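Structures incoming, each one as structure tokens.
After this come two complexes, each holding chain A, first together with chain B and then together with chain C.
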Partner chain A sequence: MPIHEKSLIRKENLVENESLVIDGVDVSGHWSTFITGRSLTDYNDDMQDEIAALPGGENIHRCWQCGSCTNACTVNAVNPEFNPRYWIYLIRLGMEEELLRDKDIIWQCVSCNKCTYACPRDVVPEGVMKATAHWLELKGHTPKSPSTEFDEEFSGQVIKTGKIEESRVIMNFFRRTEQPLAQPWLVALIKGLAFRFPVFYLMRMGMAVVRRPRTRNWAKSRRAINEYVQEVEAANRAAVGAKGGH
Partner chain B sequence: MTKPVLIVGGGPAGLSAAHALASAGQKVVLVEKEDRLGGAPILDGYAKLVPSHEWAKDAIGAMVDRVQGREGVDVRLNAQVQSFEGEPGAFTATLKDGTKIEAGSTILTTGFTHFDSVNKPEWGFGTFPDVVTTVQVEQMISSGKGIRCPSDGRVPDRVAILLCVGSRDRQIGREWCSKICCTVSANIAMEIRELSPKTNVYIYYMDIRTFGLYEGDYYWASQEEHKVKYIKARIAEVTSDGKRLLVKGEDTLIKRPVSIPFDMVVHAIGMDPNVDNMTISSVFGVDLNKYGYIAKQSTYAHLAETNRPGVFVAGAATGPETIDDSIAQGQAAAMAALNFKPAGKVAAE
Partner chain C sequence: MDGSNDLKKVAYYPGCALEGTGHAYNRSTKAVGKSLGLELVELENWNCCGAMEVKNVDPKIQTYLSARNLSIAEDMGFDKVMAPCNGCYHNLKKAEYDLANDPKSVEVNERISAKAGHDAYKPGKVETIHALDWIKKAVGEEELAKRVQNSLKGIKVANYYGCMYTRPRHIFPEKDKGPGTESTAKPHFMDDILAAAGAENVEFPLKTACCGGAHSLSDSDMSTKLVLNIIETAEACGAEVIATECPTCHTGLEMHQVRAEKVLGRKTNVKILYFTQLLGMALGLSASKVGVQENLSDSRAFLKEKGLG
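The block that comes next holds the complex of A and B.
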């Protein structure tokens, strides 16, 4: 049967056979169009536990679906598809496929915590959003988000040298996220600095970029931090049952 | 009053009225149709009670003990009132075995009847052995046998509790909320999770009515401490795929039909009017309300009065009630019976 209002149906639920003959009748093409069921046929009991095991996700099981978080949400105000209440429900019931439909917007949470202050059950939805974005990355569903890239670059430098060097962080961050270095705002910032900063400081900053100074006796601290980081990362991977790591 | 007060029904409400009257020095005759006192919590083997977490056999058993064998309390088991005649202050009740009892006044504490799930055939009770009621789960727990699927004795991986079975349903003429079953279900869910941590429990609800302080101790605790999951759906039907039960309905929060496999389905059955109420109504000359429970005359001024002077009512006989409210009402009825003066009625008219 031809279906007229196809736009109302999700594309992947429309099935057509290019050539099909039933009881001698040729029903190829749109004559064989049918809509697959949208009935939910199982829950995944583990998904909530996986996300609850990641930092921020601990209280997800408290949610009673009141919608206060979504109503308070900064991002929801501009994009109605951004719906923490709904995602929390999907996770609680283990509806992974549905959640993955929104994987490219979940990370857009701006961590304003308006939801956290609105939530009557102390779910800390902001934390849950963070844990969920993290879970999506660990499971390989999404590439690392820009903020994860930034955090990694930043902490990587600290761990290595005991210091950060801003210009290097920014340069590497742009490279990792494939953004051009000549960002207009950055150019303007540097120009402004060049005009207003005493020459002495500018020289010191320049030297720092070239010489890359380190904190003295850092090796011991680095070892300890690395050990801790590895421990946390292993725990996170174990939480989501993912093999290997980044 | 020299003549005894006749109390009909030995559940929490009747036991509380009997205790109160005996404590005040008033003679009591307690008529119970079953072979034991205690009412539903004892007769049906409830496990731990809401909100005390005490075992029913201990908590209600203690109420039985302080009444049974007590001076001034005459208990008649396996007995029912066949006729009830006379005037306020001088009633005569005739039991089915012919015994006559003189009473100044009477208190009806005849309670409720559990909804029979067979009347909702689409939910699989009576068709599939692993579809059970909250009463059966209470018995699994109180008997110490644990949570097991009746079909093969296995411990279920996944249990669904369906709320409002036999309540809030015009299709079967039951337009009331049974009041206690949300809380009882949350309690049962927590007990299942405690007895068998690997069993996941899902509660299908339309509204959650864990009123008052039950909210924190049952609804919140079941979610926060026991990870019970609540799904907003009124189930359409329970079928089977040959191996497990299939629970079908619409998840109204995501606007999608669901058809989920479960090992065990529990009906949170409601509190029907006592099946004897038509008989009780005609024997005692008391009116029933439009739902079929014994009608109270007034909400405020005369808490325990029926339409017939000298005949009082308390507990789940008047509508779905909790045990503690039934006990309070039993005491209120005892007070009303103690203060009852037949002449007062004439003066009031």
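The block that comes next holds the complex of A and C.
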């Protein structure tokens, strides 16, 4: 039988016979388009448990596949390939190879929590996306995403001083991700401001560099948080069976 | 939330953004409070709430960071803390919820607090409110309307609330409780306040859409598309101004409005102002008193034309 919706099937899964006769009927060419049979044997039985063990992934087992998350998703509206319902399906079945096709976009979840709002099963798909992105990195399937770089830079400063100073976060983030700080649009923004209020902005920028905002008597909190971070990092690595740190 | 009297003087948690890019929000919030006879007492030696980043390292660090601020409010003798930033407001609310419902969060918070040398915050002691709750409940529309000196009449406003003011809904138990309470699906507190100040609010379907603030720099193209959609929709709805109540949303809209023009060649004209700036000017404060000059989006000519500031 000819397949009408070929666009829905990946090219490599379609077979077309140049010359084929079935029961005396010539079905050569596109009349003999078939979907290749496939049997999956390489299920990753541990994938769901590993992702569920990472922060945010706890409720993945509750999913009923209703699709409310994808329907509500901010990123899906921009990129239809971004499909939380489908990824949760793959993870629950252990279809790792299929999941890895999308490994480079899963980190793009913007944490708007529209999925969490819509989910009738309290899966917290936003958390599952974060746990999955985290899992991909811990397993070495993807490098650290720009988002992870930003989170680590930001959190590092908070843990160190109790507060953040935005221009420092931005500068360090661009350095970590090896991007030029002089993005044309950033330059346009800063020029606009500096042109309007040169003295005010120069003073404030200077102040921020000299007088770094910090919480007083933070040393004990810093130590306590760092100890906890080491503990969870070790637990996360153990949960996914990964060795060593980043 | 009970009576308006105990809202006349509340603890104030500005947060990091209000000391940086969101300084205009800090300035205008304080100026509006002063003009309305409300008192804000800043938390002593506060720390970052964890914003949107720390939870991705581990959510319970964010719980500790936010709970420490709630502890400070309690120690200072307050049972209400006002946070104008959606991120701070959301995280303090989330800490309150998690400490009341998740034993593991309680355990981690107690452990870190003990090592840090202070008492662990216990839920139920301090209620976190947003600047919108504060103004609406402490003053109310009727009183606001009486105090307006420069009506916002004829200014078409799209009220933009963003994500963290309403989602996820379970951390906001006081919302969706019928008339007079805030709605998570269609929030209206900012609309109510600005309408009392004379503004003409437009019907705007993207009140709680996402600006991509979490990835403003790490996935700029995505953020630009999301912001452009919000801005172009606001313009299509007839808005001249987008009123904001979150420093991350506000800066995101301003930055990506410029980026959309530079990178995608899509120029838009809608002005972006904090609701406290609009309200402050309606109450008779000058544009500089509410920090209009500190915004990235330059709305001075527009405001002059409208007879404000």
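The definition used in the following text is that the second predicted complex is superposed on the first by the 164 of 246 C-alpha atoms of A that agree within 3 Å, B and C clash if a C-alpha of one lies under 4 Å from a C-alpha of the other, contacts with A are read in each partner's own complex, and residues count from 1 in each chain.
Everything that follows uses one rule, which is that a contact is a pair of C-beta atoms (placed from the backbone, for glycine too) under 8 Å apart; a residue touches a chain by one contact, two chains touch by 3 or more.
Here the structure is a predicted model, which means the values were calculated and not measured.
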{"item": "First, second, both or neither for A:40, with chain B first and chain C second", "value": "first"}
{"item": "First (chain B), second (chain C), both or neither touched by A:139", "value": "neither"}
{"item": "Which superposed partner A:237 touches (first chain B, second chain C, both, neither)", "value": "neither"}
{"item": "Partner chain(s) touched by A:56 [first = chain B, second = chain C, both, neither]", "value": "second"}
{"item": "Winner by number of chain A residues touched, once chain B and chain C are compared", "value": "C"}
{"item": "Touching partner for A:114 - first (chain B), second (chain C), both, neither", "value": "second"}
{"item": "Which superposed partner A:170 touches (first chain B, second chain C, both, neither)", "value": "second"}
{"item": "Chain B/chain C common contact set on chain A", "value": "none"}
{"item": "For the chain C and chain A complex, residues of the former touching the latter", "value": "16-17, 19-21, 45-48, 50-61, 64-65, 68, 108, 111-113, 115-117, 163-164, 166-169, 184, 209-210, 212-215, 217-219, 222, 225-226, 254-255, 258-259, 262-263, 293, 296, 298"}
{"item": "Partner chain C, residues of chain A touching it in the complex", "value": "55-56, 74-75, 78, 108, 110-114, 116-117, 124, 130, 134, 145-152, 154-155, 158-159, 162-167, 170, 173-174, 177, 184-185, 188-189, 192-193, 196-197, 200, 208, 213, 215-218, 220-221, 223-225, 227-229, 232"}
{"item": "Touch list for chain B against partner chain A, complex", "value": "158, 200, 202, 220, 223-224, 227, 229-232, 251, 253-254, 256-261"}
{"item": "Contact footprint of chain B on chain A as seen in their complex", "value": "37-43, 45, 48, 61-62, 64-65, 86, 89-90, 92-93, 95, 98, 121"}
